[in-house]
Amino acid sequence: MKPIIAINYKAYYPYSFGEHARLIAQESKRIWRETGIEIILIPPYTELKTILGIVKDTDIKVYAQHADPIEPGAHTGYVPLEELKEAGVHGVLINHSEHRMKLADINWLINRARKLGLKTLVCADVPETGAAVAILKPDIVAVEPPELIGTGIPVSKAKPEVITNSVNLIRKVNPEVTILTGAGISKGEDVYAAIKLGTHGVLVASAIVKSSKPYEIIKDMALNAMKAME
Amino acid sequence: MKPIIAINYKAYYPYSFGEHARLIAQESKRIWRETGIEIILIPPYTELKTILGIVKDTDIKVYAQHADPIEPGAHTGYVPLEELKEAGVHGVLINHSEHRMKLADINWLINRARKLGLKTLVCADVPETGAAVAILKPDIVAVEPPELIGTGIPVSKAKPEVITNSVNLIRKVNPEVTILTGAGISKGEDVYAAIKLGTHGVLVASAIVKSSKPYEIIKDMALNAMKAME
Amino acid sequence: MKPIIAINYKAYYPYSFGEHARLIAQESKRIWRETGIEIILIPPYTELKTILGIVKDTDIKVYAQHADPIEPGAHTGYVPLEELKEAGVHGVLINHSEHRMKLADINWLINRARKLGLKTLVCADVPETGAAVAILKPDIVAVEPPELIGTGIPVSKAKPEVITNSVNLIRKVNPEVTILTGAGISKGEDVYAAIKLGTHGVLVASAIVKSSKPYEIIKDMALNAMKAME
Amino acid sequence: MKPIIAINYKAYYPYSFGEHARLIAQESKRIWRETGIEIILIPPYTELKTILGIVKDTDIKVYAQHADPIEPGAHTGYVPLEELKEAGVHGVLINHSEHRMKLADINWLINRARKLGLKTLVCADVPETGAAVAILKPDIVAVEPPELIGTGIPVSKAKPEVITNSVNLIRKVNPEVTILTGAGISKGEDVYAAIKLGTHGVLVASAIVKSSKPYEIIKDMALNAMKAME
């Protein structure tokens, strides 16, 4: 299995939008060509189609940052999974620490996404909720201690036991789900450590998105990830 | 002043997305050319850029269906006004009956949108809340009794006093704001009545969006609106 | 182990408040004396102390219907667990289908309640979310298909597989948690069936709370529950 | 008209609950007897009945900190106005900065409370939203800049223009509503200034609730309020 780098664009201004949003996608494409690593781009809603256009003819996947737990219909300013499907995205991020969801809604979205052929990447804050989520059979679980998100202090160094406990608890209830970790990941060595601790890769945001040289950072992470998986 | 037809795409599947979403924009363009009426298109987030592309070089405005009351930054799956501005939209719908907002947030968004050069169309459910919203100085207030939304029973017939009371109450506190009405509007004659009762036009959704012939309906509404304004 | 009847008062007017609220507690006391069954009363916030006063010197437990996932402090109109503890309650209902919570908050509340010596009864809508919740180690899990709540069609008859699946899935991840079921439970025979399908008892609301003769109904349920547990 | 001191207990531990909650009510009673000032106590839900018992046979009013915009019925852990009415309270605080509400819900609660004979004290963050709220005809409007709440920096000193602008804007749309102010109020002189700037009194929380000598503080505020109203 190939290691995964999932890039959450968030809503940084101006980085997550327009020109810089496209740059991140173009550099990701270059790095995918150079390394073959699996990359998931998670841009804002309004950029989804543009980013999809840039990465078509590659294996790079594009996910939305959220979906609302609703069927299509008379809803104003909410995003059903069908809107994402129609836009052409491959999957959806669910329950990020900045967008926590109700348990019943997480389950509803995972099931409906599966029927629509959309992948689900579900976040959790601690190993226990990571395992709770894994029972619901998403494609990917990402465990991220919220107190480290955006700090630059990598979970793989500050709380390696969060990663190992997550892997242990999740594996007991779901042997197949892909496991990511995140929070504070900013360098290739953090990615290396995360994979060595038993995950398939990382969920990263500011370190890549707010960088003026995303190529360097993603490339460093990709090379370390490939090395760790050998 | 020209009458206004604001079209809320909502999230109907498949009507609000893809090909049909583009059709509505193209037909709106045609009708704008034929009548000069003011049209506001309010598509889903993922369609904003596509629709903007279709109506560029016209006076048609494109608004988003909602914005979240946040500054740009570490947010996942929320939409700050800056994202909309970056996408090129002209304004934003706020506090639709399907997306009610906190009073303090409505005020925050109106003020921030003004600074960013974005227009605000704020909905209210009854004349009193319409007046409350008008005090906050949005560009447009739309009063829509939620119990009539999507029914096909036009507010202008079922509850004309809602419209006249709204106009009276709103004018007392804000002589300049543009006033729309909506709910159950499905024909040209409903638009005619709404304008004769003192508004500048209507906010419409399903009657146009779910129609297989949006041209006919929008054109009928546009002609009646122009006639009522004479 | 003794069977459990948990009575959710909800917010029926006037049944859940005042005189009728006290009557339910008094009749519960009588039935506890006659049968020794375990009863959990779950009244509205404003009635908690009154109900606690009625059932003191019995083994009847009093739970709150909800707690907000906050530490005590500058909060207005929210209920931290410490408020409940101070009021003298024994536990708290979490994530009822009428008050769904975020996964991270459910976990936070379970852990904090444990530290404060409060019991947790956590609801779930389907067997899978029941298992997800069970991983977080609450004291009690109650699985209730929301579509049957308040219908009078008992889950034990309409969807017995929901109960057996819940028991199976929950037992795999947590062999010790107490398991209840609910939704549509209105007679002793429904309780009998629920226990025979592997649960420890039921979560009931309208059938008891809105009855003018709560004694008869609770007694019928208690006798059937005792018989099923033999 | 008598000046008003409204005391929001919030959810401070242990101050807002149990013994200290009762002490605040008892001292308020003493001060009411000594000065005749109008006092509104706003304790947590679970303390409402106890506090009402303490202040019966006085003119002190007891309000709840919040009500949910729902009719009574199948709701779990939500508080309809009818529950408050049944408990015997006189009114309800709505839209505190720590519990902001949707505009439509504020309006719904004000109207329903009026029908039930409950008073409404509605908060707002700035003069404009204060005026918006005043249009909806609550009994009392309290304008509190959230950035000063809990700071001990009194709005009457730091932002006197917030108070005078509020009074001006509110009076234009509603000549009868009672106007309070709050945020950072901690001494008698702050209350004196607030009244001299055109309000009827103050909404206070931590300065009184977390004090070990609430009598001294409330008395100081009451005397200054009476002096300012002369």
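In this document, chain identifiers A, B, C and D correspond to the written order of the chains, with residue numbering beginning at 1 in each.
The criterion applied here is as follows: contacts are C-beta pairs under 8 Å (C-beta built on N, C-alpha and C of every residue); 3 or more make two chains touch, one makes a residue touch a chain.
Given the structure is predicted, the values throughout are model-derived calculations rather than measurements.
Chemist: Can you list every chain that touches subunit C and also touches subunit D?
Modeler: Neighbours common to subunit C and subunit D are absent.
Chemist: Through how few touching steps can subunit A be joined to subunit D?
Modeler: The distance in steps between these two chains is 2.
Chemist: How many degrees of rotation carry the C-alpha atoms of subunit B onto those of subunit C, rounded to the nearest 5?
Modeler: To bring subunit B onto subunit C, one rotates by 180 degrees.
Chemist: Could you pull out the chain whose C-alpha mean position is farthest off from that of subunit C?
Modeler: Centroid comparison gives B as the farthest chain from subunit C.
Chemist: Round to the nearest whole Å and give the separation of the Cα centres of subunit B and subunit C.
Modeler: Chain centres of subunit B and subunit C, defined by C-alpha means, are spaced 46 Å apart.
Chemist: If you average the CA atoms of subunit B and of subunit D, how many Å lie between those two points?
Modeler: The answer is 37 Å.
Chemist: Which residue numbers or ranges of subunit B touch two or more of the other chains?
Modeler: 97
Chemist: Pairwise, which chains touch?
Modeler: A-B, A-C, B-D, C-D
Chemist: So in the complex, the part of subunit A that touches subunit B is made up of which residues?
Modeler: For subunit A paired with subunit B, touching residues are 8, 10-14, 16-18, 44-46, 48-50, 64-66, 70, 72-80, 82-84, 86-87, 93, 96-99, 149-150, 205-206.
Chemist: Going by the contact rule set out above, which residues of subunit D touch subunit B in the complex?
Modeler: 95, 97, 100-107, 124-126, 128-129, 131-133, 135-137, 169, 172-173
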